[in-house]
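In what follows, chain A forms one complex with chain B and a second complex with chain C.
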Partner chain A sequence: MKKLIGLLLVLIVLYGALITMLPPRAIGQNNFNLARRVGQYGIISLGAGVLIVSGGIDLSIGSFIGLSATVLAVGIQRKGWSPATGIAAVLGLGAVVGWIHGMLVTKAKLQPFVVTLCGLFIYRGLARWYGDDSNAGLGSEHETFRRAFSKYEFAGLPVEFWYLMGAVVVFGVLLHRSTYGRYLFAIGSNELAARYSGIRVDRYKIFAYMLCSLTAAFFSIMFLADSNSVQPSSTGSLIELYAIAGAVLGGCSLRGGEGSVAGIVLGTAILFVLMTTVFVAGVSDKLEYTAIGLTLLVGAMLDEFLRRRGTAVRKA
Partner chain B sequence: MLEAVAVGKSFPGVQALDGVSLHVAPGEVVSVVGENGAGKSTLMKILAGVQGPDVGTLRLDGQDVRFADVDAAQQAGIVLIHQELNLAESLDVAANIYLGREPRTAGFLNLVAARIYDDAEVFTRRLGLDCSSRTRVSSLSLGQRQLVEIARALSLRSRYIIFDEPTSSLTERETARLFDVVRSLKADGVGVLYISHRLHEVRELSDRVVVLRDGKNAGDLKREEITHQALVQRMVGRELKQFFHRQHRTGTDNSQAAPLVEVRDLRWSPKQRDGISFDVRAGEIVGMAGLMGAGRTETAEALFGLRRRASGTIKIAGREIAPKSPRDAVDEGVALVPEDRRAQGLVIDFSIRENISLPSLERMQHLSLVDRRAESTLANDSCTRLAVRTTDAEKAVGLLSGGNQQKVVLAKWLARSPKLLILDEPTRGVDVGAKADIYALMDQLAGQGTAILMISSDLEEIMGVSDRVLVMHEQRLAGELPREQLTEQAIMHLATGGTAS
Partner chain C sequence: MHAPRPISVSFSAIITCLALAMSGGCNRGGDDKIHVAFVTNNPHAFWTLAERGCEKAAKDFNVQVEFRRPAQNSPKDQQDIVDKLLLMGIQGIAVSPNDGKNQADYYNEIAAKVPLITQDSDLPPGSKRRCYLGTDNVGAGKAAGQMVKEILPDGGQVVILVGSLDVQNAVERRQGVLDELGGKAGATGPQLGKHELLTTITDGGKADECKRKVEDFLVKYTGDPQKLCFVGLWAYNPHMALEAIKTAKLEGKVKVVGFDEDEPTLAGIRAGLIHGTVVQSPFEFGYEAIRILTGLVKKDESVLPPGGVLYIPFKVIKKDEVDAFEKRLNELRNPPKAA
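Let's turn to the complex of A and B:
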């Protein structure tokens, strides 16, 4: 709880700083853009976060988004799929890819880092092959699809933000109220004890990988609706790092067993408010990554400091 | 002389030590006993420089000393040998002994001098460690590893060596050798502080015993005053009428009843010559004795679906079960309280409530949502029933003492009302008071018709609690002893490879 209040304070301070630097008439547009990006990235951070809570990791999120967006664009534009078919196809693809990751981790006993690093390369290559390494988009057609996943607004905020709110409810209940969430925390904290308690550990781990890849597939749908242009060789590149950064900044421990939905959303919001602030403050935007890196570092150091104080108490 | 004078140490919310004093002279063996949470480990850590005291002083040969860290304490000649050994398993024996202070050679190249191997063997041979100093630590047994740690202490020219529960995972033979080592250290003028829960060890080794209770001194006993009764009395501050009180259970004589659990020809490795066969009746507590590595834990793992069976059948209430995972076993009414509480029994970051409900969560859900109220009720009732000493069930289980943690592990399984309850070393690292509670609970469960299989290395425990004892030796069942024939000699005879007469 203290962690969440701390994150909220950081967010308020950063956002306050951002507001004071902006000309008043730009604030509205700025808020709108921020809400869109936080909406899009928050969803994959939730997927990555749930996986991290269970003790897993997925480095292939970005590449998979590239593949999924390519399949969706190429399918609709060149193969004449309806958007609904395309959406079903990429969500199905996400489920399958996540299932494969989970099977490789649980049954073949490979390290999650290795499995998804391989995925990172494989999906990028597949994206370029399937998309013929050329840009794909929807042109001026499929307005309904684009409205549904990006252009629609409600209460002055973009639809992506409302998707995130929906995801927060779903993931919040899942992680913090359901047996699934309890098992994922147990597995992430002490997999052996979870197994010894009669929990079907493998099943829940596979489930977490599937959720993560599904959110990535959903991101690719929002991405195509928003940008209308997919480059198979670069779309989604490095996005896994944003997803992981948001989750970690929000209090997920890569050791597993720790994290919260509220924290993950706050972490993502901090990440994007920070990037905007850096940009508005006139710091060279070339330093954007550096700013993210430093923020994460400070966050990790603080977290470690608090954790040690915590264990000192526990050892007593 | 090494002294701690009126040492106090508190952690947030806990006064771990409150004005404790203790001294040990060169050539003296002083045991420190007390229930878990009495402050033994904290005191030892302070003496070894792991932590500093809040108040009070340490004195070495009459001089006040303050150790900034473990290194400073080691320089002064004080070494703590931890319960969990701190060795680099992928390095060899000599490299471990000289870790961090390797003699170097070849000038700026800083190569580790080859003589560490010969030097190391001077110490290992003195301790009777019969392996080359080039052996990787990972291939050594626990007892051998401990000797490596002691060799390291010797090579540091330590004048005071602190052992923290050194025998908790040693075999009988390794324990005996450790005692010889302690005696020879004593003869060489090393002062030894010895922490143990095993009172007969304390009685055998010590010149003096210091008893701690709730972070305070609770009595000093000279060699001739050391008796089991006197120790226990000071540790718990009350007289225990009988340490193992085996009640006459309700529904008593089950000896004619059909067995609830039937195990036939159980093997987990094709290399085993004989399969393991035994029965456990409802309401019966069957002890399983044997030395380390005799195959007791493997038997438990095979019954609990953790280990693939190479052959054999398991029947519960006449129905054959074939557990392929703990989940299958749990569904068939088998429960296991595992050997390693922190690694296998508990999610240490979870609260007491969350740990207790973990195996039963599926029974306390509506549409996959956890029924918090049912969960809290279960946790609170369990804490009351098992007398878990805690303020409330929301406390992190890691904050509890070993005995109370073990009660939480038991509570997890009681909620599932198992037909067969397997306990693997149920009271290891558990204090005297909690031990009595655990035995009473086992008794009560047996009275309600649970079949109990208890694995233990503690002969007193085996003899005090069991209705019948199975003795394992080298992956097979060496023999079975009914209660009337239980003697330490009879058990050890079978456990060391003797045949049933």
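Let's turn to the complex of A and C:
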């Protein structure tokens, strides 16, 4: 709980700094833009976060988003699929890819890092091959699809934000209110102990990989609806880092067994508010990433410092 | 403790088989054909038309062409590819150097072994490349600047969008825009005649980052949107700017001019939301490069352009030409299959 309050305070400070730099009439638009980004990236951070809680990692998220977005755009644009067929196809693809990751990690006993690093290369190549290295988009057609996954607004907020709220409910119940969630935390904390206490570890881990790839597939649907243009060679590249950063910033430990849905959403929000703040503050393009990295590092150090002090005080 | 497992042997065997199966697509063809290569500087869609040009030239001149795109925008990856091509017995190479200044020594060594020409981006003066062919990027930038003047004749504010400023074509195009607006070579701004350059936004070659930054720029912008124009120097920049403008509900007010022929850019021009785009002719890059290389391999020096530079003309596409241009583009992209 303390952790969440800390994250919320950081978010409020950053956001406060951001709006003082903006003309008052622009604040509404700024909130709208941020809600869209947090909506889109929050969903993949949730997928990545659940996996991290279980002690896994997925480095192929970005490449898989590239492949999934390419399949969707090429399918609809060049092969004449209906958007519904395309959506079903990429969600199916996400489930299959996640299942393969899970099987390789649990049954073939390969390290998650290795499996998904190979995936990173494989999916990027497949995207370029399937898209024939040509950009793909929907032109000015399929307005309904684009509205459903990006352009639609409800209560002044973009539809992506509402999808995230839906995902928060689903993931919240799953992680914090179900046996599945308890087992995931147990597996992430001590896999061997979980196995000896009769938890079907493999099954739960495979499901976590599937959830992660499914959220990536869903992201690619929102991505195409939003930007309407997919570059097979670059779309999605490095997005896994945003997803993992959002989750870790929100309190997921890369050692597994720690994390919360609320934390992940706050972590994602901090990341994107920070990026906007750095841009609006006029930090030179050249130093932008440095500013973001340093801020995150200082945050992590502060968090560790407070945690240790807390432990020391309790011990004393 | 573990004995070597037989599984690792069979695993390597599987990998080898897979690799061999995949390389089956690369056919070595007629053995006595001239064998040349075209190497790009990144895998972007821009090069697809160049590949079509190479394919047509391969047929017309009866040569075999290896078309290779480095997976990253990286000089190291590019040099690895060139080294492998030489091992394959390539007789001539057309390359778009990733970092001409620092790759000059490397490519001079290559030029001593096989005929080497540069395309799209050149090596510094004094290099041993036989010739350069590509777009006059300063001229193309000026054409974009000309469009800014047309759409904001009484002056206004300009924001330049580009992936990165460490690529020569980006630097030259940007300079062309500045020169045209400022009315003199080497203009630096921010005041350029009646126009003012507010900033140059880079996005590391990532389209989604370009959109995010333009959205943030528009949130912060306090001037008159009717007097604001984005100039997108790389292919995705103009239509990503347009998407961001739509998010801010300023379409039709904020102006956009751009480069290259991405489909959403052409759609934006058709809808009257993007004023125009400067297009290069990558198909001709491919075709001309293979024509010149074939000549050089045959020791025919007459194929070399005078002065060692062949500018492939660029075109400016606005609303009235966009349909005809797109039709021609589709014909080039999907040539009828020969029986």
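Please note the rule applied: the second predicted complex is superposed on the first by the 299 of 316 C-alpha atoms of A that agree within 3 Å, B and C clash if a C-alpha of one lies under 4 Å from a C-alpha of the other, contacts with A are read in each partner's own complex, and residues count from 1 in each chain.
By definition in this document, contacts are C-beta pairs under 8 Å (C-beta built on N, C-alpha and C of every residue); 3 or more make two chains touch, one makes a residue touch a chain.
The shown structure was predicted, so the numbers you read here are calculated from the model rather than taken from an experiment.
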item: Superposed partners chain B and chain C on chain A - clash or fit; value: fit
item: Angle at chain A between chain B and chain C, C-alpha centres, nearest 10 degrees; value: 130
item: Which superposed partner A:Asn190 touches (first chain B, second chain C, both, neither); value: first
item: Chain B versus chain C as contact partner of A:Gln29, first or second or both or neither; value: second
item: Touching partner for A:Thr235 - first (chain B), second (chain C), both, neither; value: second
item: Touched partner set for A:Met275, first chain B, second chain C, both or neither; value: second
item: Partner chain(s) touched by A:Gly137 [first = chain B, second = chain C, both, neither]; value: second
item: Chain B versus chain C as contact partner of A:Ser178, first or second or both or neither; value: first
item: Which partner, chain B or chain C, touches more chain A residues; value: C
item: After superposition on chain A, the shortest CA separation from chain B to chain C (Å); value: 9
item: Doubly contacted chain A residues - partners chain C and chain B; value: none
item: Chain B to chain A touching residues, read off their complex; value: 10-14, 16, 42, 304, 306, 325-327, 329-331, 336, 338, 343-350, 354, 358-359, 361-362, 365, 368-370, 396, 398-399, 412
item: Residue numbers on chain A that touch chain C, as the complex places them; value: 21-23, 26, 29-30, 32-33, 36-37, 124, 128, 132-135, 137, 139-140, 223, 226-229, 231-235, 237-238, 275-276, 279-280, 285
item: Contact set on chain C toward chain A in their complex; value: 42-45, 47-48, 69, 71, 200-202, 205-208, 211-213, 215-220, 222, 235-236, 239-240, 243, 247-248, 262-264, 267, 271, 333
item: Residues on chain A engaged by chain B in the complex (per definition of touch); value: 173, 177-180, 182-183, 185-186, 189-190, 192-200, 257-258, 312-316
